[in-house]
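Chain naming follows the written order as A, B, C and D, and within any one chain the residues start at number 1.
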Amino acid sequence: MIRVLVWNEFQHEKTKDAVKAIYPNGIHNTIADFLRCDDIEVRTATLDDENCGITKEILDETDVIIWWGHMAHKKVPDEVAALVRDAVNSGMGAIFLHSAHHSKPFKLLMGTPCSLTWRESSDSELVWVTDPSHPITQGIDRAIELPHEETYGEPFSIPNPDKVLFIGGYSGGEVFRSGCLFQRGNGQIFYFQPGHESFPTYHIPEVQTVIRNAVRFLAPRYRADILCPHVRKWGDPQGYVR
Amino acid sequence: MIRVLVWNEFQHEKTKDAVKAIYPNGIHNTIADFLRCDDIEVRTATLDDENCGITKEILDETDVIIWWGHMAHKKVPDEVAALVRDAVNSGMGAIFLHSAHHSKPFKLLMGTPCSLTWRESSDSELVWVTDPSHPITQGIDRAIELPHEETYGEPFSIPNPDKVLFIGGYSGGEVFRSGCLFQRGNGQIFYFQPGHESFPTYHIPEVQTVIRNAVRFLAPRYRADILCPHVRKWGDPQGYVR
Amino acid sequence: MIRVLVWNEFQHEKTKDAVKAIYPNGIHNTIADFLRCDDIEVRTATLDDENCGITKEILDETDVIIWWGHMAHKKVPDEVAALVRDAVNSGMGAIFLHSAHHSKPFKLLMGTPCSLTWRESSDSELVWVTDPSHPITQGIDRAIELPHEETYGEPFSIPNPDKVLFIGGYSGGEVFRSGCLFQRGNGQIFYFQPGHESFPTYHIPEVQTVIRNAVRFLAPRYRADILCPHVRKWGDPQGYVR
Amino acid sequence: MIRVLVWNEFQHEKTKDAVKAIYPNGIHNTIADFLRCDDIEVRTATLDDENCGITKEILDETDVIIWWGHMAHKKVPDEVAALVRDAVNSGMGAIFLHSAHHSKPFKLLMGTPCSLTWRESSDSELVWVTDPSHPITQGIDRAIELPHEETYGEPFSIPNPDKVLFIGGYSGGEVFRSGCLFQRGNGQIFYFQPGHESFPTYHIPEVQTVIRNAVRFLAPRYRADILCPHVRKWGDPQGYVR
């Protein structure tokens, strides 16, 4: 079983009727519901939980974390963000969705501002597959059609991704690297742009397929202590002498 | 002085009045004319020249080659394509424009089919800068506006570029990695998508700026024999023993 | 079942007693023997087979090809090398071993000379793991010890690998990127340096583990026609109009 | 003029006679002395200066920072490390030397633990050039010979570098990615491994050549505010509508 933890700041859904209408139980529960299946088990956590619902013990039991946040990034304590960064480096997979590009854990893992250009608009978006052979793009045709999505634009100040899997194009003209893979330490990270809270993006089957594919791709193959990610069963902690 | 060789198959301009109206002396002479300046000297060569106007001696005296081809890729002899590949590996810079994605030298350097999706359309294109700090994007605002351009679409079957500098978005919906850098051996390669023969793309100042920037960026820093690119002033061709 | 084709030029083993003593049935059969297991089935082919034992039909039924060659690279017809390149681009995995860095298919896929520095020596080698989290390095401690191996040295004129998994260090002082991953089209390529014909390298359990891991990692996830690697179930071959 | 700031924690040189004998005025002054020339001007700063000698104003006037630290990484305030990270993202170049792999600014920029294996030894090291065409390796033969250097070993838990320029091999058997390039935001970063305080490494001409080359390569081409690295002269901060 792949053990997923869906983290959602869960603020918009409580305060805006329009968002609540789309995600009555919160974005986290929508994601949890479509992910649960024979090989995936899901827990959720939110900003208002104690310590954001995140401890080292919980992350040790998590194969892939999914993170959604937008208006309350600053309310996540630095210590919680560092726990997530450290767990990824030790081997936990991480999916950062939409506005989580500005979340503390993502920025800690990237080392860059992760800024972008944005517009709230009525744009439609085509999210194009750039690598049709990758496990994360399987089951997706040439593009995912999103009737409405918040417009994101380049430049996106991230390190050069290990691989760009999707590029989005908006009816307003902008383009965006919408699906990016990064490795940090032993862990794999996938940034996926679709998912503004005002639109029912996570109810779209192709979006669900990509997230499910990503969970399976990111599930850790190997996990080791962050402080000594290199020490395996080698004898001498000071190294090796021939 | 940076020594540039502009190569153009020079077929459309001879046979189609509409193309001849845009580039009366051929695409190669338009490019040569806007490039010539205090630090850049330019020669041209075309398909109908003897041996395509390319010999090892000519390439040895070329710092950056610019390649435009479309309908006659197959008429370029394999030996000529191999000469270009070898010169790049020894340190010559190379700019492949538009439909040169399917030219023999580019495909030899990439090792992939370099296929893409395309449509002849009346699309407009915005060519977005993804790295505003790179020397090749200097002088360009957030995007270059092309009133009309042939539509290219992903997936573009190239190896993972060392760096994507531009992503194009078309009014018809497609997106494309329009500016890509690759290193092969000692040489740097820049693929740049704008430039369908039916549109006056190479008369647009921003397009000229990008090509001029690229010439200066790609001009070789170091040049060595392709067969032994690693041998510098080291003594023993069999290697080194400590 | 993963379908593997082990290709070996099979020349040294016929002409040199010292090599025959190490690999009495040829390097290909040694590799085939240790690979065969519940999820891997293996065929072999050699230079002296008709058309090198390679046709499009055979490659279509191959998930991963393993290539060993040294003294007879030039005897492989260009058409055979192109078949291998095209199959990799369509999605077949490929493992190039040791002196196959100079084989025709590898050079076609890389686009570079793939040269290196070498010495025949009595060097020992430590092949160090640089990414302990990767599926290909699982089961390997910090380094593989090779009592004797031909010395390879940098610079190795390959494109920037997608990932370096192993770096070798020799008792004579040289270092070498001994395990490199590349994607070309839909296919994954792994270059692995150990395996000079004069030493019993392929009898070493850790070397066998790496090759077995690589077979499982490279087995194709998706396979499509080389000429149109981007066309999946999309309708219009001319592209898509929104 | 390229404006360089050499930062050194400057602790070993005050407390250990053996180190003081090698660098009587501190490592920073040795580096400053060999760097100063017609196109490079140099200032220095150390841990014991007020605020470590680092303010936003000073960094705004710095093209390339060079960082050496070892025993006192933790004494650098988090705010100072964040200033350096932000300046790099806005376009400042940064060279991290030797044990600065564990410095706070480097770790912030990488997002990984940046751990490695190490031994204090009497090892000699050969630092091999892996890309002889790169500006940073010009003037260096196939390898730099270091009679004595602290032994560093893989795995080095850094993100996949944009380019590996040097790989070190030690007489004790270890190998290490000794010269690595990374881009973060608008800034370029070079990690260079030689330079243990107990050995006169920075007195070796080839080591000085590499650092001087790196200063010239990293000097910023473009500089912009970290919070909006994408905003150039575009009009609307909310983005662009076609």
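Going forward, a contact is a pair of C-beta atoms (placed from the backbone, for glycine too) under 8 Å apart; a residue touches a chain by one contact, two chains touch by 3 or more.
All values derive from a computational prediction rather than experimental measurement.
Identify the chains in contact with subunit A as well as subunit B, in label order.
C, D
Shared interface numbers for subunit C and subunit D above half of all numbers used, same, or below, different?
Counting shared over all numbers used gives more than one half: same.
Taking contacts as defined above, which has more of them, B-C or A-C?
B-C is joined by more C-beta pairs in contact.
State, to the nearest whole Å, the distance from the C-alpha centre of subunit A to the C-alpha centre of subunit C.
That pair's centroid distance is 34 Å.
Rounded to a whole Å, what is the gap between the Cα centroids of subunit B and subunit C?
The separation of the two C-alpha centroids amounts to 31 Å.
What are the residue numbers in subunit A that touch two or more other chains?
Where subunit A meets two or more other chains at a single residue, that happens at 117, 126, 132, 142-143, 153-156, 160, 162-163, 171, 173-174, 183, 185, 229-230, 240, 242.
Please name which positions on subunit A make contact with subunit D in the complex.
Listed in rising order, the residues are 85, 89, 108-113, 115-119, 121, 151, 153-157, 159-160, 162, 172-174, 182-185, 226-230, 238-242.
Per the contact definition, I'd like the list of subunit D residues that touch subunit B in the complex.
91, 124, 126, 132-135, 138, 141-143, 162-163, 171, 183, 185-187, 220-222, 224, 229-230, 232-234, 240, 242
Considering only the defined contacts, which subunit D positions touch subunit C in the complex?
Interface residues on subunit D, with respect to subunit C: 117, 126, 128-132, 142-143, 153-156, 160, 163-164, 167-171, 173-175, 177.
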